[in-house]
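Reading through the structure tokens given below for one structure.
The letters A, B and C name the chains in turn, as written, and every chain counts its residues from 1.
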């Protein structure tokens, strides 16, 4: 079986600085795959390479069996990727409902659009704020709205760049539940995450990055038990 | 499709609005019965320019591309019509070919220029000054074409004095073709403008319009929602520029002349002033505001053209400094506010519905 | 042979100095503030008119030219405070405001001064190389364009203002935290940009007939040089002017002025298709 997303020996250098080098990553269908690693490990750069914001300096990226290494971002999205970016990037000057509408209109027949909007608004607990401008929402609500826009595309692979950044623990737990529910509905998820409690809550597979390279890969239990992973996070050599 | 006449991209959506709009249209239709043909022709002259203002509203207001090239495409449309109408002669068939040929040429020019700019990732202030450079260069070029070697067939370009003597548009009609002048031209303009306005409203609130607004707000986010952003920008640019071509053809046909001065400065600034003053994000505001400014400008021009232009320049600066969203949009929002407050509970969920 | 070669150099120098002198002021303001000054042509016109007026009042030409430059710079600083300051971080809006200003200035001058103004004869006479005649003043203009580039280099690299200006350009917030007053730097930058526009006008005043709309004959060249050059005067404007001058000189020589200008624009859109950040972006990337 081939993986849904296959990143093979991908590198990216900026000027002389190598942000990501020879990274391998494969995401199987049905996984909730978390990408972890200390700051500066290259996680966000890797995400931008996967979604096509950056072009890699080497290596290849395959998605659903197709080589997308050189494809434009919109083409990858049309193939079934969808991303929630790190900083909430919703259309701040447009109403919440229109934000969802713009994402939904891709795959939804015009007569079902309104029902789908309502359903998503309810799912995101934003029904009461539908007419507000997205910029007036709280930080947490904007994060959720952007997740809503990402899932409105009905992606095969949902990419989440730090979905819980700036959320309260309550909101974080809700987000985790939402992600698990989407996954149960057949959506594969790849998330960059710092919060290890959150990773334990949702992940079925974990890849660790360090200094621009793939460092380890396994289940949550394996990674947590791996002494060398603790070492790179704590920055001290593991004794024994 | 009719339900798309109302939506988040257009102000004015209640029954009161549409009744007012119908009254304005009715008044425009009966106007020639009460006015002499010269005034009717002059009224028509104002309507000619509104096409290019609406085109700029689509590009700039909806899609965020500030093009200073409306008079570039106006000029291409106008000169192309002039050349075609001189070569092909008069009569409905010839002049209608001239009309469509000229607008198509303006659209083609927009596609080529737009391709290089948009795919060259020119945006923001550079989009403006590149389009303006082309506009001024065209005006300069046409000013140098006084000699007899600058002719296409029988059509002389005539340098600064401009082209003249092309046949005006005419249409087939019961009992023989009608040349579009004065009242006949006026009715065609009213019909054409009404149709353009309504179609653009539908377009603005359609799937396409939603994408344009998304591109205006955040092109990168729009691309990550799966939209081929640059293709949408190019389509909007070609559409808006072709509407400037329409204005050019109508202007040339109306007066049977066109000169380079309707392309260069200060002409190139006028569409920007109309649309900025009116409120670039709204088609209705642009329609109303452009008309008002044209009337005001002509009135001032009777005393002194220079003074009229000084006023226009000051108006542009004042708009940007004090009412950046535009005067007419601002007034429209003031008018809508008390009503909305009163009806708020019933209307609010509906208001934001695309 | 010698005459031919020199003639090519002379034409190149003529176009190069025109591009550098007309673009330098625009490029400084754009590079510093991200603002495209649409009234650039009118600052040039101001330089021309003040030079001509003071010259006719009896000042020697170089002094009259200094007056033209200074008056444009002062007006620029005042207008920065009044019109541009409320619009920091709104580059499109400041562009539109300056366009309004440009209309007011052109048409206002037409009303107040009228459509013609007595000109100044070109000084300096001519010289001959290999049987061809050339104008001395054009060579003065070429020297002036090199001096302007040197002035900009010294200003940014060797003065306290330059240090502050580069700090604001890199990171306005950080510079302010370190005690650099952004508004002061911007007012001075705009003044210097307007002054360089005035200087351009002052220098070309003896070569042109004076009409209030004459600014328009400079701005296309100024715009395209800045578009191709990008945001840095030294890394952008100078190489862009050199490249465009080669294109323009070649086309002028073989096909005439009209093709020269059209060819210039075609070269511009081809270059931006290949180098989206202009010469300065490209050079900066190669350096890093």
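The rule we apply is simple: a contact is a pair of C-beta atoms (placed from the backbone, for glycine too) under 8 Å apart; a residue touches a chain by one contact, two chains touch by 3 or more.
This structure is a prediction, so every number in the text was calculated from the model and none was measured.
Located most centrally within the structure is B, per distance between chain CA means and the overall CA mean. In this assembly, C is the chain whose CA centroid lies farthest from the centroid of subunit A.
Of the two chain pairs shown, B-C and A-B, the one joined by more C-beta contacts is B-C. One finds 48 Å separating the Cα centroids of subunit A and subunit C.
Subunit B and subunit C have Cα centroids lying 33 Å from one another.
Subunit A and subunit B have CA centres that are 43 Å apart. Subunit B contributes residues 8, 207, 210-211, 213-214, 217-218, 220-229, 348-349, 351-354 to its touches with subunit A in the complex. On the side of subunit A, the complex with subunit B involves touching residues 51, 53, 72-75, 77-78, 82-83, 85, 89-98, 101-103, 105-106, 114, 130-131, 149, 153.
Listing the residues of subunit C that touch subunit B in their complex gives 30, 34-36, 83, 86-87, 90-93, 95-97, 99-104, 106-108, 110-111, 213, 216, 219-220, 223-224, 226-227, 257-258, 261-262, 265, 268-270, 272-273, 276. On the subunit B side of its complex with subunit C, the touching residues are 66, 113, 116-117, 119-122, 124-126, 128-130, 132-134, 136-137, 140-141, 144, 264-266, 269, 272-273, 276, 304, 306-307, 309-310, 312-318, 320-321, 324.
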